[in-house]
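The following pair of complexes shares a single chain, subunit A, combined with subunit B in the former and subunit C in the latter.
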Partner chain A sequence: MHIEGEKEALLEVGQSVLRAVSPRATLPVLGGVKIEAGRDNVKFVATDLEMFLTVQGDFAVKEQGAVVVPGRLFGDILRNLPSGKVSIRGADGEVRIEAGRSEFAVTGFPVADFPSMPEVKESQRCQIAGAELARALRQVVRAASPDEGRPVLTGVLWSVEGSTLRLVATDSYRLAVRELVIKEGAESGTAIIPGRALAEFGRHLAGIGEDEVSVWLGDSQAVFSAGSTTLVTRLIDGEFPDYRKLIPESHTKHLKVATEPFAQAVERVGLVARENTPVKIHLGEEVQLTATEAGVADAWEALEEVEFEGDPMVIAFNPRFLSDGLEGLESQTAVMEVTDPARPAVLKGVEREEFIYLLMPVRLPG
Partner chain B sequence: MTSVFDRIPGQQRVREILERAVESPGDSYLFVGPRGVGKSEAARAFAAAILCPDSCGECSLCSRTIRGIHPDVQIFQPEGYVYPLELIRELVVSARLTPLEAEKRVIVIEEADRIVERSQNALLKALEEPTGAVTWILVADALDPFLPTVLSRCQIVEFVPVNEEAVAALVASRFKLEDEVSKQTVRASRGDLEKALALAEGGDAARVRSLAIDAAIAMGEEPAAALDFSTRLQEVVASARDSLADRQKAELEQMEEMIGSGRGSAATKKRVGDRHKRMLRRTETDLYLDFVTYLGTALRDLAFVSSGGDPESVVCIDHAQPIVAAAMNRPTQHWLELIDECLACHLSIIENANAPLAVESVLLALSKSPVATIG
Partner chain C sequence: MKSSPVWSTPVMHADLDAFYASVEVLREPKLKGKPVIVGGTSSRGVVTSASYEARKYGIHSAMPTSRARRLCPNAIFIQPDFEMYAVKSKEVRRVFDSFSPVVEPLSLDEAFLDVSGASKMWAGPEEMAKGLRDDVLGQTGLSVSVGIAPNKFLAKLASKHSKPDGMVLIHPDEVDEFLRPLPVEALWGVGTETASILKRFGLRTIGDVVNLPQSSLERALGSLGGHIARLARGIDDRGVVADSPRKSMGAEETFERDLTDTGEILRVLLKLSDRVASRLRARGISGQTVTLKVRFSNFTTITRSVTLPAEVDGARSIYLVVRDLISRVLSGGGASGHPRIRLLGVSLSNLKDWPPSEQLSFDPAAGWSDADRTLDLVRRRFGEEAIEFGVLLESSD
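Presenting the complex of A and B:
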């Protein structure tokens, strides 16, 4: 194998694919990056054993073939090479990287030892607008559970019905649901996709802008492809909770508030609230946020630009979860619907139905 | 055509069971049998056969499975004396993931008898709710450490000690030994393939063995002699520990090069460091246990000969002469009592007693026994 390219371009591809390499790789070859030079394209592949990430680069192929180089070392070398033309060539055993007057001979891993990408049937393909998917992922993925106690909750439910795609995540304290319109090739089906893989793909999407995204759902894997990036991930096997049952059908109190000032107030008052201390919202003619950390500090702030309908009530939330929800709204005005201090609140943007965020209140003593 | 099951020597019945199971493998298996009879090798071969359509043993898929680098075949070994509960919990969670490359996944837990009861309960969650995509293979020396609830979830596959011909063939395929040496090694291994290979290689395993046999033969000498054996054993163990520590250092250096100093690298280094420490402790303990086992075997030979057994049939065939000479120094009953001492010592080391002290005290106890007078 022999390829040539500009240092900056190689570094960009190399770094983006390296993000998939697990820092916990226990077997050396799995911490490697495979460079595959085909007839007219070069693919860089890395895996963390939960997903494969492939980035294609437009580099000159002098000789077709493949090598697997140690990931971190490869990244470090690329970063430090002088600008200009870089040549990478070699086979199993030794890979030579040359740029200007510097030259590296790196011991490569046997190509046959690197995992191979599965083939996923094309029939279940659908297309989605990249920018919208990137936004949706930002809104939803954060509600997935980082805790591995319940495996399905670490994933995001990917559910296709007709031409609607619904993304759902919950860590059992909050629930985020986002609807998108599929541009092409819809076929009903669901899968639970690991949150980490989606977060990674979301970051790539945000980096490359408006590209179209193609998604294939297989029995065991899902494939996401946008521009030069392809991500193949394992799925989570299990039953996702029936989230529809959790969303309240009605409410008795309705708060309408300017999103940005509300979010900032939550941040400020939240400074006082440490772990497990909630921020209280006093709903009434005047709407106030308060937090008390006994023996440390108190904070209170009255909200501006609010409209409240219903009987006065005090309801308390984990400030971080509340901020997460507000950040995801993408609407100038937020709507919060509540019924009582022990039942979930619904957050959404005014006149925007595509995203809703359900938040369990923190029970107040007494 | 080659078969991946050719990698299981001397376990014809196991081979037949597994070959039949490959088409539609069950959710969980428990491979049980004495140490070193090829259970782990069989687990890897079975995993490869489940994943590879031809069960060929030769393609990249089979080769990676057998070497433990296939993303859909995870092989776990305890790094310390038992499996940490967190590892079992992580495993149960990760079992919910679908395969990445193949159509099925296999999770192999070697030395699964080192999963303590609490962790077995955590594991049970995965065994009780199989996903169909994952096949579990637990590998263990014995059934009694397992909860009945775990046993009832597993298909139990029993392994037998490997017959001498199969051991001899394996040793011959790896080492060029003279016929006599090969026969002695095969006999000393008592159907334990790993032990046969370690002994054939010479080195620390062989040194521990000859030290144990010499100690058994020298029984009845002064306490100072017992202490001398104990010191020499500790030296062998220390040298084995040092050479392992050197290998670990090299591995860590290679690892550092690979993981660099970025995100998560400190945690990875700590994990590797912890694993290395636990492995060092394991290696030491295992050598002491081997010593006690060989000591017991030599004492068994002594009892056997003193009760009129055929000297040709002793296990320590390479030490037959001194054994015959020493056997008559004591009545059979006495040798048998000494074997009991060894068994007690073996058990106390497994139960986490200080191994060098336990071995020293058994050596002293043996040396204290009075020399029998004939007649």
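Presenting the complex of A and C:
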């Protein structure tokens, strides 16, 4: 195999694919990046066995073939090479990277050891606007659980009904639901997609802009493709919790508040709420945020631009969970609907129905 | 044969008077002088703390609230605010720390202090105790009763006799005189069961015990007999141990025969979770990382940990985690068949200096913290074995 390309272009492709390399790879070869030079394109592939990320680049192919280079070292080398033309050539065993007067001989992994991409069986395809999907992923994926103990909750529910796609994630403390419109294709159906894979794809999308995204859903795999990037991920088995019954049908207290100042106040007051102490919202004629870290500090701040309807009440939240919800709102005015300090609060943008965020409060000791 | 404990290392036991009720009175001064009862106000709640005015009606902690209400219908009932009590307890602790470098807290409202340095700073232990009581009252508004004696056992007895709002000093020369008339139940480690054995031998007071040769007592009660004989003579060698900042808190159990039955393994884990949880709560602290330790019959030992999104101090929250961990350990056993388990341990690390606020979950299994607090109260009053989880009781059939 032998390819040539500009350092900056190689670095861009190399870095984006390296993010899929698992930092805790169980097999050494999973720490590698496979470079496949075809007749007229070059693919960079990384995998953690759960997902395969492929990024294509336009590089000159001098000789077709494939190598697997150690990912981290390859990234470090690319980053530090002088600008200009870079040549990568080799086979199993040794890969030579040359640029200007620098030359590296890197021991590669046997190409045959690199896992092959699963074949995606006949599947449904749909198309979605890239920027829209990128925003939706940013809103929803963060509510997925990092706890592998309950695999279903580490995923995002991908649910298609007619031309509506609904993305849902919950870690059992909060729930994010986002609806978006499918541009083309797809029948109704659901799948649970690993949150980590979607977060990765979302990061790629953010850099792409308005490009179309194509999604294929198979029985056990999903494929996401946008521009030069293709991500294949396994699906999570299991039944996603019935999130619809979690969403309260009514509420007794209604807070309307300017989103950005509210979010900033939560950040500020939250500084005192180190570790896991909550931020309290005192709802009433005046709406105040407070936080106390016993023996360390107290903070309080009255919110501006607020309207509150209902009886006074104090409700407490994990400030990070609250910030996550507010950041996702995409509306200048936020609405928070609550009933009771021990029941979920609903956060949404005013007159925006496509995204809602449910948040369980923190019960104070005693 | 008369022991002569050394007076050069006096121990102080400081015990806040009706702590939770007193904190509530501080917060709402118009409650002063009234019967105030802190406790669960639901139909199945129990009394956590009662002011001395309420105690006149026969009300004591761990009594069902409904009964307390009948005994004193015009008492003021207040839901406990443990966050507040933990804050107040730390204020008191700061005063204790200014008196002794070696403070061993027993719970939110009592502690041992090694005051052997008292002679240098104060005219004597008595003056020091007076200074401590004045400072606690002045800086926190709370009254504390203090016992000073040659050792921990005697100091705790002395503070009990000083209540409320008092001070009792037991001089080394007075130990025998002080102990003799007390009932045998006053001896640390003597519960109803041991007391009834002692009474069968005709031993009702500590004086009776002292009159009996230690060897006879050991024949009747085994090693406990030696322990009781020493205490009855006012001998207690336990030192005051400063509570170094702990890194973890745990409980473990080694089994006489290896465990293989999943049901039995789970019951042990529930018991261990409960033990760790009540220790955390007794200190007003919590932990965020739960670790399961398993030692197999071939002595290989593994540990598995999970760090939770928020700190916990409840048996159920801990148990749910270790249950998950053990099921993964057992299912990972693969072809080797049923693993034989020799030891199980549960510990909490990543400790926080405060009780947890509870992040509520969509999961319906929440709402256990109230039950945990009740557990503590009943145990504090009636002993460790007084109350357990239903599933543990079943296992002893």
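Here is the rule we use: the second predicted complex is superposed on the first by the 358 of 366 C-alpha atoms of A that agree within 3 Å, B and C clash if a C-alpha of one lies under 4 Å from a C-alpha of the other, contacts with A are read in each partner's own complex, and residues count from 1 in each chain.
Please note the rule applied: a residue touches a chain if its C-beta (ideal position, glycine included) is under 8 Å from a C-beta of that chain, and two chains touch if they have at least 3 such contacts.
Computed from a predicted structure; not experimentally measured.
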{"item": "Subunit B versus subunit C as contact partner of A:175, first or second or both or neither", "value": "second"}
{"item": "Touched partner set for A:105, first subunit B, second subunit C, both or neither", "value": "neither"}
{"item": "Touched partner set for A:117, first subunit B, second subunit C, both or neither", "value": "first"}
{"item": "Subunit B versus subunit C as contact partner of A:151, first or second or both or neither", "value": "first"}
{"item": "Subunit C versus subunit B, contacts on subunit A by residue", "value": "B"}
{"item": "Contacts of A:316 with subunit B and subunit C, given as first, second, both or neither", "value": "second"}
{"item": "Contacts of A:50 with subunit B and subunit C, given as first, second, both or neither", "value": "first"}
{"item": "Partner chain(s) touched by A:241 [first = subunit B, second = subunit C, both, neither]", "value": "second"}
{"item": "Which superposed partner A:297 touches (first subunit B, second subunit C, both, neither)", "value": "neither"}
{"item": "On subunit A, the residue positions that both subunit B and subunit C contact, one per complex", "value": "149"}
{"item": "For the subunit A and subunit C complex, residues of the former touching the latter", "value": "147, 149, 170-173, 175, 241, 246, 275-278, 294-295, 316, 318, 342, 344, 358, 360-366"}
{"item": "Contact footprint of subunit A on subunit C as seen in their complex", "value": "79-87, 90, 288, 306, 309-311, 324, 352-363, 369"}
{"item": "In the complex with subunit A, residue positions of subunit B that touch it", "value": "60, 63-64, 67-71, 89-90, 93, 96-103, 131, 133, 254-255, 257-260, 262-265, 267-268, 271"}
{"item": "In the complex, subunit A residues that touch subunit B", "value": "23-25, 27-31, 47, 49-52, 70-73, 75-76, 112-113, 115-118, 148-149, 151-152, 154, 194, 219-221, 232, 234-238"}
